[in-house]
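Several structures are given next for inspection.
Okay, so chain A shows up in both of these, paired with chain B first and chain C after.
Moving on, here comes the complex of A and B:
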């Protein structure tokens, strides 16, 4: 049994919890009945590792089998590692009729053409997503299964989510994806996070959306009627206004659990205290990062509890445009820039 | 700008009205539930985030017997909001009808200057200063009990005692060396 196989299996067992390992092995379904009964999951991890390694020898599993096991595990626990979202641009005419088998064959053959040694596995998840596991090698060495790239794509949509890819590998993946899905280009969607489910829901807008209406319902007033008449809120009107403003920006259902938002500022320094900084012509570079366990929910509560007086477009553009990386520059005026008026900051797409 | 007046309305029979002012609007909810359960007196609780109260409620609002400012010591905003709300009260309230309630005083992140500032504020207005615990049900119940004692006096339900008498006994005082650095 290969050294690579052993190492991959050991690393997989080390990184997963014992309960999770049990369910994953059951799903994988390559252990015989006798072997399954002989595995006792109450033991320590090292004992389980020994047992599994011996079963692996018995069944003569190769690195491909273990890669499949790892893929099943990652498909069930997608909320680990950093995921980056990409968007396919400029579809050709037949982009909407790309089928699964056609995509699979084309993608595999293209990638094998581009890279001499590469190992590709494609699986379809229950919710119509296509999961691709790529182990990269180069002209001289075998594919490295310890650093695989996972790609999730929803067929016939322009959304792609990728984890752990280097800058050298990205153009190869980009070319294979664009040709096999009949688009022209793969662009960065400026959205990244640790939870795949969250960034997928945000980008594909699969959470309760906000629809502008002229006649909003009176749910807040109804709640007030039911509560104790001896306990009265003095500023109920103001509170209802704040709640309405928060709901207008973020909706009133569950929000995807985004974890961070990064704003890169390239604006002129506008403070009054520091004269030397204000006189500089170059923009003041600064990065502001917001992190939270559930960023959108906390922003909504900031607005509804009155900590923030209005929801600025900086915050409301996160759910609206499905991004969490923004570059803010000053709007450039045609007239002279010697005047010290505060110019309006505007949000641009980031470079590339 | 309408000031809240202590004596411009008639009281109702066996009723006491209390106004809880808190910037975070958290503790006032559980405290209001505990206060309303009192059986010997009908307690009406009004909740506000800050003063001034909106003028639309002027007609429906009963005469407020006690105004309680709830300050969370871990937040500077809470203290500043309470301080800013004080100027919307008529001066008649400061004769025993205002009380300060402080939560989270035992927290490690509280700077000592803030506690001193709250004490000085309470002493300046001759108001009682109560320290309460808001996280457990027992804490909320005991806070409600203490507030009810002061409320009953302020609403005139206790014979031979007025809130002015109580304020002389219960007001917060600062020790003369409060501005000197302490030994810990």
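Moving on, here comes the complex of A and C:
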């Protein structure tokens, strides 16, 4: 049994909880009945590792088998590591009719052409997503299974999610993906996060949306019915307004658990009434990062509690455009007059 | 001589409340037990408002940090302090505490103190207090040393460094040992009135920093309390102090690049929102120098002009306003938690890390002042 196989298996066990390991092994279904019965999951991890390594020897598993096991594990626990979202651009005419088998064959053959030694595994998940695991090698060395790239793509949509890819590998992946899905280009969608489910829901707008109506109707007014009618809240009107503003921007249901948003500000300084800073033409460069366990929920709370006086387009564009990385500059007019000292910040379409 | 009253009542008012209450200032705080020869120790606060002891002063004026201080100059501390000491002090994050003056602490008896402290730790261990840090350790070896060259004013006592090394069962002679716990006591530019009013036997080293396990920190502190009749208390770095650090560090950018000015706030919503505001160093410097020039004074070019609290406040307010214009979120809604630049980082919880020896003295001066203010005596 190769050294690589052993290391991969050891690392997988080390990083997995015992209960989760049991479920994953059952799903994988490559242990014989006798072997399954001999595995006792109440032991310590080192004992389990020893047992699994001996079973691995017995069954003569190769690194490809263990890679498959790892893939099953990651598919069930996608909310680890850092995921980056991409968007396929400029579909060709037959982009909508790309089928799974066709995609699989083309992608694999393209990648094998581009990279001499590469190991590709493609699986379909229950929710129609295609999962791809790529172990990269190069002209001289075998594929490195310890640093695989995972790619998730929903066929016939332009969305792709990638984890653990280097800048050298990205153009190769990009080329293989664009050709096999019949698009022209793969662009950075400026959305990233640890939870795949969260960024997927945000980008593909799979969470309770709010639609602007002229007749608000239900919403939060109903909650006030059960409180004592003799108790009058002094700022009830203002509170209701704030709540409405918060719901308008972020909806009133569960929000995808985005963890952070980064804004690179390159706008003119706007902090003082006088002073030479406001006359300065160069931008005041700073980077603002908002982090939270559930960022959109925090922002919604900020709006409804009044910490934020209005929900600016900077915040509302997170759910609206499904991004969490923005570069803000001033709008460039034809001739900027020196007297106006407030220019509207504009969200620039971010760099690739 | 007179006794030190350790359990006295004092109402320490929160430094951050800026409004003045029209309350009559109570005459003295804490210790005044007059002895036969009429020497008495002034409380720190009475030193600050010497002239107005019985007047109707707003209760808070005296309890703030100095409203103006000298602009930090490049200190060639490397000339005065040995590099191995600097190495120990820099690049570690220290947890701060304040210490009341130490009774009969002698810089000449450090050897004996080392022995006493290691015996104390061994005794505590025997009593069953768990001090095991890693693996099998038979005992600890403590070393007290003086760090000469760090003091600025004449009244400052020399800095003392304490290190605890573990003595493993099978001592390996070849490996140089890293200490499992380090700490120091220092006083940099302490208030001279206060220091001079201390009686003969007392030494004031109000700032204590420690790095290592909590258990050992508590042991060291209780040994000090027993031996020198002093009190320890945890020192938070107040928001004003953090503002000062942000401004003073930015002021140093022209001489040595700060690489970035990073400020971290937390906003009290559920779930907690953390805002990290990182400013480009050159732009921060431009803003700061713009504020320094503002009242139209013609004192340009000299670097000895002192920095005023107003300028610091305007600097931070300017940054907050710029933020507000974009996000409509007032950063005053939540506490400022951390300030960090290439010169060091300071956290509200009382942790400090000094990454550059050149401005170490300025930072320590500010922290010494904070410790002296927080001290109940």
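As a working rule, the second predicted complex is superposed on the first by the 331 of 352 C-alpha atoms of A that agree within 3 Å, B and C clash if a C-alpha of one lies under 4 Å from a C-alpha of the other, contacts with A are read in each partner's own complex, and residues count from 1 in each chain.
To be clear about the criterion, a contact is a pair of C-beta atoms (placed from the backbone, for glycine too) under 8 Å apart; a residue touches a chain by one contact, two chains touch by 3 or more.
Only a predicted model underlies this, so the values are computations on that prediction, with no experimental measurement involved.
Engineer: Regarding the shared-chain residue A:305, is it in contact with chain B (first), chain C (second), both, or neither?
Structural biologist: In the superposition, A:305 touches chain B and chain C alike.
Engineer: Per the contact definition in the header, classify A:234: touching chain B only (first), chain C only (second), both, or neither.
Structural biologist: In the superposition, A:234 touches chain B alone.
Engineer: Does the superposition put A:287 against chain B (first), chain C (second), both, or neither?
Structural biologist: In the superposition, A:287 contacts chain C only.
Engineer: Going by the contact rule stated at the top, is it chain B or chain C that touches a larger number of residues on chain A?
Structural biologist: Of chain B and chain C, more residues of chain A lie in contact with C.
Engineer: Is A:179 touching anything from chain B or chain C once the two structures are fitted on A? First, second, both or neither.
Structural biologist: neither
Engineer: Touch test for A:314: chain B only (first), chain C only (second), both, or neither?
Structural biologist: second
Engineer: Return the residues of chain A at which the contacts from chain B and from chain C coincide.
Structural biologist: Shared contact residues on chain A: 305.
Engineer: Which of the residues in chain A end up touching chain C in this complex?
Structural biologist: Of all residues in chain A, those touching chain C are 263, 265, 267, 269-272, 275-277, 280, 284-295, 297-299, 301-302, 305, 307-312, 314-315, 328, 342, 345.
Engineer: With touch defined as at the start, can you tell me which chain C residues reach chain A in the complex?
Structural biologist: These residues of chain C touch chain A: 267, 269-280, 283, 286-287, 290-291, 294, 314, 317-323, 325-330, 333.
Engineer: Looking at the complex, which residues from chain A come into contact with chain B?
Structural biologist: So the residues of chain A in touch with chain B come to 228, 230-235, 237-239, 305-306.
Engineer: In the complex, go through chain B and note every residue touching chain A.
Structural biologist: So the residues of chain B touching chain A come out as 19, 24-25, 32-33, 36, 42-49, 53-54, 56-57, 61.
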